[in-house]
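Given below, in the form of C-alpha cells, are the structures.
One chain, chain A, links the two complexes that follow: it is found with chain B in the first and with chain C in the second.
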Partner chain A sequence: MLLLYFKQAWNLLRQEKLFSSIYVVGTGLSITIVMVLSIVYYIKIANIYPEMNRDRTLIVKSAMEKYKNGGTGSSAISRKFIDECLRPQEGIEVLSVTVRDWEEHYMQYTNSKEQTQVILKYVDVPFWEVFSFRFIEGKPFTEADFESAIATAVVSESTAKKLFGRTDVVGEYASIDFRQYRICGVVRDASYVTSRTYANFWIPCTLQPDYDRSFGNSGYLGSLEAVILASSLEDIDKIKQNTRNWVERFNRADEEVEFSLVGQPDQHWESTFRFWSNVGPDFKKIAWQYSLIFLVLLLVPAISLSGMTDSRMERRLAEMGVRRAFGAPVDNLMGQVISENLLFTLLGGLAGLFFSYILILLSADWIMTIGSNFVDLPPEGTKVLFTPGMLLNLPVFFVALSVCFVLNLLTAVIPAWRASHKDIVYSLNAKQ
Partner chain B sequence: MIKNICKHLLNRWKKNLWITLELLLVFCLTWYMVDYFFVLGYNKSLSSHRDLAHTYMVNIGSLPQNHEDYHAEDDEPAARYANYLRVINLLRDNPDVESVALASDYSALSALGALNEGRYRSVTDTTVVAETQVIRFVADEDYLKVFRHSKANGKTLVSTRDYDWNDPANILISRMMEEKLFPGESAYDKRIEAVDQPGVQYRVIDVLDDIKHFNYLRPYGVVYLPERLNETNLGGKIITIRSRDGLSEAQFMATFKKEMSTRLRVGNYYLGGLNSLAQMAEDTDYRAGKTNEIRMSTALLLFLLVNILLCVLGTFWYRVNVRRGEIGIRRAMGSDLVGIRKLFMLEGLLLLTIIVVPALLIEVQFIFSGVITTLGQDVKSYGSYLPDSMGLRFLITNILTWCILAVMVLLGIWYPTRQASRMSPVDALRD
Partner chain C sequence: MWKSIVKQMWNRRRSNAWIAIELLFVFCLTWYIVDYLFVYNYNLSIPTYRDVRNTLQVNISELPAEHPEYRAEESEGEALLQNYQRLIQVIKDYAGVEAVGISYGGASPGTGSYWGMGVFLPPDTTRIANGQRITVDPAYDFFRVFQYTADRGKRPVSTADFDWGIPNGVVTGKAIEDILAPQGSILGKEVEIWKWDDDRFVVTGVIDDIKRFDYDRPQGSFYVARTLAADNVRNAEISIRHHAGENTRAFRDRFKTELTGRLRVGNFYLLSVIPYTTIAENSKQGFGVANEIKLRMYMMIFFLLNILLCMMGTFWYRINQRPNEIGLRKAVGATGRSVHTLLVLEGIFLLLLITLPAMLIEYQFVHTDLIDTMGRRGEINTAYLPDRTAERFLLTNAITLIIMILTVTAAIWLPARRGASLAAADALRHE
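Entry: the complex of A and B
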C-alpha cells in the first residue's frame, strides 16, 4: 500500500514540478539548518579520535572561593585539591591533569629564521591513557621524564613533517620558544575540533614553572584542569556525588572560606557549555534556548509547507470525494496523504542533509564555534579537518530521519484531516 | 480596487489562513532580527574617532638566557634601555613608517579587547563622579597620531607633539568627561582626581573626542594618562606603528618583515612578529563570539526571508491556477497583464499590512517581557542615542520589517503571475 502511495506521490511530483521543487527546497532548508546544528553538537559530544572515551569522561576545569568579607576568587584548580579530593575516590580508572596555558608559543626551524606559532599542551603521563592517541613512532614520555621535568615532547605527524620532512623523528630535537625538546613519540594528527586534546606538541606539565602552585584561602585554586576517566558509566554519578560530599564536608569544617566547584565535575557534554570559572552553565536556560531555536526552525517552514499541502489537497478534493463515496475510511485517506507527503519530506531531508555537509565543509574554520561565548583562534595555517566518520554516521542519519518524520507530521496532519473530513457531496462537486 | 481586493480576501479568508499565520510568525521573528541589526548598524555608524587601519603592533622579543646569541651585558638596565631606544629609532627611520607609538598596556589598543576603567571627579566638586576608560601611553612617542585621535568631533586630528608633557600632572580627557564633570563650561586648565587616589591632581590640557572601545558599541569617555620612558619602566610596553598612506597591508607587512628582521636584532632584542591591529580587532570580535553572533543572526534572517518567499511563491502559484477562470474573465473584459499582476501584488501587500496589527501586539509583549536588549546600552555613555527611544525605534524597525517582507512578497508573487500572463484568455475562460 505504502509503495502505491509513493508511486502516486512520485507522479504528482512529476506533474507539478514547480510546486514540488518549492516544497522540497522548503523542507531541505529547514533540515539543512537543523542538521548543521545537530552535526556540530554530535562532533562536540560523541566519542571521536583521540577523545574516544568522552562518554566516561568527567572534567573539573575551575573552582571558586567566597570569602567572609564578601569577596570572591576563581580560577583553575590546584594539585593539592586534585590529590585530596579527586584522586582518592573510587570508580576512577585514570585521572589526568593538564595545565591551563594562555601563552603563545613558537616553533623555530634549524635552517630558517622564520617561526611558526604552535599549540603546546602541558600534560601528564596518564593523559596518554585517558585519550587514545595512535603512536606512529616512539611512545609517550616516561614517568621518570615527567618527574624530572626533562624537556621531552610528543609531536603530531603533520608537525613532524613540517619540521623535519619525515615522521621517523624519535630522538631528534625540536626548538620551541628557543628551548630544545627531545622528541619521544609521533602521533597521528587529531582534528582541531577535538580542542581538549589538539596540539602540535605535548610536553610534561612539570616543565611549566609552578604548575603545582596553590593559592586562595583554601589552597585549592591553581592552574590545573582535571580529566577523570570513570571505570564505568555507573561510576559517573558516584564520582559526582562523592565530590559534592567532599566539598560540603570541607565547607562545614572551614568557616573562613566557602569553596565551590560550581556544579562540577562535568560530563564531557556538560563541559562544552562551561565558559566561566565562577558561573556554571544554566542547563535549563540552554535547553529552553535550543528548544526555541529548533521550534522556530521547524515551525516556520511547517506552516508554509502545511499551507501548500492544504492547497494541493484542495485540488484533489474530487478524488477524495470519490474514494470516500466508495467507502474508504477516513483513517486510510489520512494515512495516504501523510504517506504521500513523506516522500516529499524525505526528498527534502536528503537534499537538506547533503547541503548541511556542504555548509559544514565550507565553513569548517568557524562552524564548530557556534554557541560558544569564547572562541580560541587557531594559529595560522591550522586546518580544521572533518573525518568521514564525523559526518557520515548512524546517529546523524537517525536525527535526520527523525526530523523528517516530525516535519512531515507537522505539515501533513492538518491538511490530511481537513481533506478527509470534508463533506462527501462538497468534495465530489469540487472543481478539478 | 482596494475595496474589491478586501472583499476577495474576506470571502476567501479560510484559504488565506496559512499564509496569514506564516506572515504573522515571520513578521514578528524578522522584526526581532531587524531590531538587532538596526541597533548594531546604528552603533557602527557612530564615529570611533580613532582609526586602526594601517596600524600594526610590533612584537619585540628578548632572547632567552639559554640562546646561543644571548649576551648578559645587554641585559643590564642601561644597555637594555639604550637598545630599546635604538629599536624605536630604527622603526621611526623606516621610510614606510609614518609614526610610532608606545602604549603602556593592552587597554590602550582596543583591538585586543582589554579595558582599563577608572572613576574620576573634579577637585572642586567631588560629588559628581565620571566612570571612564583609562588609556596610558608614553608621551615620548606619538600615540595620538598613530591612532588618528581627534577633537572637535573629528574636525581636527591631534598629535602627542601638540602638547607640553613636561608637567607630569598634564592629562587629556574626552568630551563625555567634560560634559559630566564640568557641565556647560570648558574643562581646559581644570583639575581632576581619581576617586581611589584623592590628592593626586591632574590638569586638563585639552578635550578630545570620545572613542569606542569596540566598534559595535557606543563611544565611551576617556582619560589619557601620559608617562615618560625610562630604564625602569620598559616592561609591558607595546610598540605600535602606522604605515605611510597608500601602502597596502600585505605589501607593508611583507616589506617590513624582510627589511627589519635583521636590522632589529639589537642587543638581545629581535623582531618577534608584526600584527595588523585591524586584523587583531577582527580576531577579538571573533574570540568574543561577536562574529559568530552576527553570522548566526544573518543566517536566521535569511532563513526567515527564504521561507516567506517560498510560502508566498507556493501559495500564489496555486492561487493563480485556482483562479484561472477569474483571470480569463478579467482578460476578456480588457484587463492587461500589468493590471492582473498589480491585483495579485496588492492582494499580497494588503495581507502583509493586515497582519501588522496583531504582529505589533505580539512585539509589544516581547518588549515588556524584556526579550529585547539594546547592544551597547551598558556602556557608561552620557549622550542620547536613538535606540534608547523605544517608540521611535519600534516604529523604524517595524517599517523596515514591512519593507523587507514586502520585497519578498512581491518577488514571490512576480513569478506565478508571469505564468498567468502566458495563459490564453480562451483556455482560462473554459476553466
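Entry: the complex of A and C
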C-alpha cells in the first residue's frame, strides 16, 4: 500500500515540477539547520579519535572558595586536591592531570630563522591511557622522564613532517621557544575539533614551573585540570556522589572557607557547556533554550510547508471526494496523504543532509564554536578537519530520519485532516 | 483596487491564514535579529578616539636557562633593564617606525583585558566615575602610537603633552569629567579612588573617550604612569605605529626579517609581531561576538528563505487556480503590469495586516526585558539611541518591515509574472 502511495506521490512530483522543487528545497532548508546543529553537537559529544572514551570521562577543571568576609576566589584545581579527594576514589580506571596554558609558543627550524606558532599541551603519563592516540613511531614519555621533568615531547605526525620532512624522528630534537625537546613518540594527528586533546606537541606538565602549586585558603586551588576515566558507566554516578560527599565533609570540618566544585565532576558532554570557574551551567535553562531553538527551527518551516501542502490538497479535493463517495474511510485518506507527503519530506531530508555537510565544510573555521561563550582560537594556519566518520555515521542519519518524520507529521497532519473531513458533495464539486 | 484585494484575500482566507501565521512568526523573529544588528551597527558608528590601524604589538621573550646562549647575569637587575631599553631603542630607530609606546598588564586596545577603577571628587561620594585603568610609561609615546585625541578628535595628543612629574598624576577620559563635574572641569583637581585606602590622584589632563571593543560604547579611562624598571620589564608591552604609506603585513614581514637578529639582546629575542587589528578581531571572536553576528545573519536568511518559499509556492498554486479571473481582468482592459501589481499588492497587504499584531508580540518581549542592549552598562543613557526604547522599537520595526516587503515582493514576483503573462483568451478558456 505504502508503495502505491509513494508511486502516486512520485507522479504528482513529476506533474508539478516547480511546486515540488520548492517544497523539497523548503524541507531541505529546515532539515539543514537542524542537522548542522546535530552534527556539531555529535562531534562535540560522541567518542571521536583520540577522545574515544568520552562517555566514561569525567572532568574537574575548576573550583571556587567562599570566604567568611563574603569574598570569593576561583581557579583551576591543585595537585593537593586531586591527591586528597579524587585519586583515592574507587571506580576510577585512570586519572590524568593537564595544565591549562595561555602562553604563545613557537617552534624553531634548524636551517631557517622562520618560527611557527604551535600548540603545546602539558600532560602526564596516564593522559596516554585516557586518550587513545595512535602511535606511528615510539611511545609516550616515561614516568621517570615525567618525574624528573626531562624535556621530552610527543609530536603530531603533521608537525614532524613540517619540522623534519619525515615521521621516523624518535630521538631527534625539536626546538620550542628555544628549548630543546627530545622526541619520544609520533602520533597520528587529531583534529582541532577535539580541542581538549589537540596539540602539536605534548610535553610533561612537570616542565611547567609551578604546575603543582596550591593557593587559596583550602590549598585546593591551583593550575591543573583533572580528567577521570571511570571503570564503567555505572561508576560515573558513584564518583560524582563520592566527590560531593567529600566536599561536604571538608566544608563541615573547615569553618573558615566554603569550598565548592560548582557541580563538578562533569561528564564530557556537561563540560562542553561550562565556561566559568565560579558559575556552573544551568542545565534546566540550557535544555529550555535548546528545545525552544529546535522548536522554532522546525515550526517556522513547518508552517510554510503546511501552507503549501494545504494548497496542494485543495487541488486534489475532487479526488478525495470520489474516494470518499466510494466508501474510503477517513483514516485511510489521512494515511495516504501523510505517506505521500513522506516521500517529499524524505527527498527534502536527503537534500538537507547534503546541504548541511556543505555548510559545515564551508564554515569549518567557526561552526564548532556554536553554543560556546568563549572561543579558544587556534594559531594561524591551523585547519579544522572533519573526518568522514564525524559526518557520515549512524547517529547522524538516525537524527536526520527522525527529524524528517517529525517534520512530516507537523506539515501533513492538519492539511490531511482538513482535506479528508471536507463535505463529500463540496469535495466532488471542487474544480481544478 | 484595495476593495478587490480585500475581497480576494477573504475568498482565499484558508491559504492566506497559513501565510499570515508564517509572516507573523518570521516578522517577530526577523525583528529580534534586526534589533540586535541595529544596536551592533549603531555602536560601530560611535567614534572611538584612537586608531589601531598601522599599529603592531611587538612581543619579546627570554631564552630558557638550558639554552647554550643563555647568560644568567643578563637576566638580572640593571642588566635586564638595560637590555630591554637597548632593544626598544633598536625598534625606535628602525626605518618606518613612527612611534613606540610602552604599557603594562594588557592595557593596549583590542586585547579585551580590563582593570577597573572608580574615583570621586572628595568629599562628594554621590558621583562615582568608573573606568579602565591603563598604565603607560610616559618616557614613550603610547598616545601617539594609537593616535589619541582631545576635544572630540580635533587635537591629536602625545604622552609628552602632559606633566607626569606630578606625583600621582592621572590623565582621564572625557567621560570621567562629565560624571564628576558635568558643568566644569576636573583639571588640576584631586580625585580619590573609591574603596581603596584613601589613594588620591591629581588630574593632569583630559582626553577623548575610547571604546574597549569597536562594538562597545565609549567608556571612562584613567592613564597612570609607571616607568620601566628591572622588576616590571616582564609585564611591559611594546606597541609601535608604522608609517601609513606601507601595508601593515608587508611592514611586519620586513620588520621580522630585518630585526630578528638585532633584537637578540641579552637573553631577549623577538617572539612575534601582531597587528592590533588582528588582536581586536581575535578578541571579537574569542568573546563570541563575531560568531554571534554570523549565526544571527544565517538565521535571518533562513527565516526569510522560508517566507520566500512559502509565498512562492502558495501563490504559484493560487495563480494556477484563478486563470479565469486573470483572463477576465485582461479582457476588460487590465495590462500584464497591472495584474502583476495586483498580485504583489495582495502579498504586501497580508504583510501589513500582520504588522501590528507582530509589534504587539514583540512589545511583550521588550516589556519583560528579554531584549539585550549590546554595550549598555548599568543605567540607561538616553544620549544613545538604543536606550530610547520607543524610537528604537519603531525604527527596528520599520527596518524589519522594509526587509519583509522586499522578501514578499521577491517571492511573488515569479508566480505573478506567469499570471500576468497569461494570454486573455487562454485564461478565459478556463471559464
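Quick notes
The definition used in the following text is that the second predicted complex is superposed on the first by the 432 of 432 C-alpha atoms of A that agree within 3 Å, B and C clash if a C-alpha of one lies under 4 Å from a C-alpha of the other, contacts with A are read in each partner's own complex, and residues count from 1 in each chain.
In this section, a contact is a pair of C-beta atoms (placed from the backbone, for glycine too) under 8 Å apart; a residue touches a chain by one contact, two chains touch by 3 or more.
Just so we're clear, the structure is a prediction, and the values are computed from it rather than from any experiment.
When both complexes are superposed on chain A, chain B and chain C end up clashing with one another.
With both structures placed on the common chain, the touch criterion links A:361 to neither chain B nor chain C.
After overlaying the two complexes on the shared chain, residue contacts for A:151 are found with chain C alone; chain B is out of touch.
Of the two partner chains, neither chain B nor chain C is touched by A:322. When both complexes are overlaid on chain A, the residue A:22 reaches chain B and chain C alike. When the shared chain is aligned, chain B and chain C each come close enough to touch A:179.
Applying the stated contact rule after C-alpha superposition, one finds that A:292 touches neither chain B nor chain C. On chain A, the patch touched by chain B and the patch touched by chain C overlap at residues 18-19, 22-23, 25-26, 29-30, 33, 106, 113, 115, 177-179, 296-297, 299-301, 303-304, 306-308, 310-312, 314-315, 366, 369-370, 372-377.
Only residues 18-19, 22-23, 25-26, 29-30, 33, 104, 106, 113, 115, 117, 151, 177-180, 296-297, 299-301, 303-308, 310-312, 314-315, 363, 366, 369-370, 372-377, 432 of chain A touch chain C when the two sit together in their complex. Across the complex, chain A meets chain B through its residues 18-19, 22-23, 25-26, 29-30, 33, 106, 113, 115, 177-179, 296-297, 299-301, 303-304, 306-308, 310-312, 314-315, 366, 369-370, 372-377. Across the interface of their complex, chain A is touched by residues 14-15, 18-19, 21-22, 25-26, 29, 59, 61, 63-64, 66-67, 257, 260-261, 269, 271-272, 282, 285-288, 290-291, 294-295, 302-303, 305-307, 309-310, 312-314, 316-318, 321 of chain C.
Residue ranges of chain B in contact with chain A, taken from their complex: 15, 17-19, 21-22, 25-26, 29, 63-64, 66-67, 261, 272-273, 283, 286-289, 291-292, 295-296, 299-300, 303-304, 306-308, 310-311, 313-315, 317-318, 321-322.
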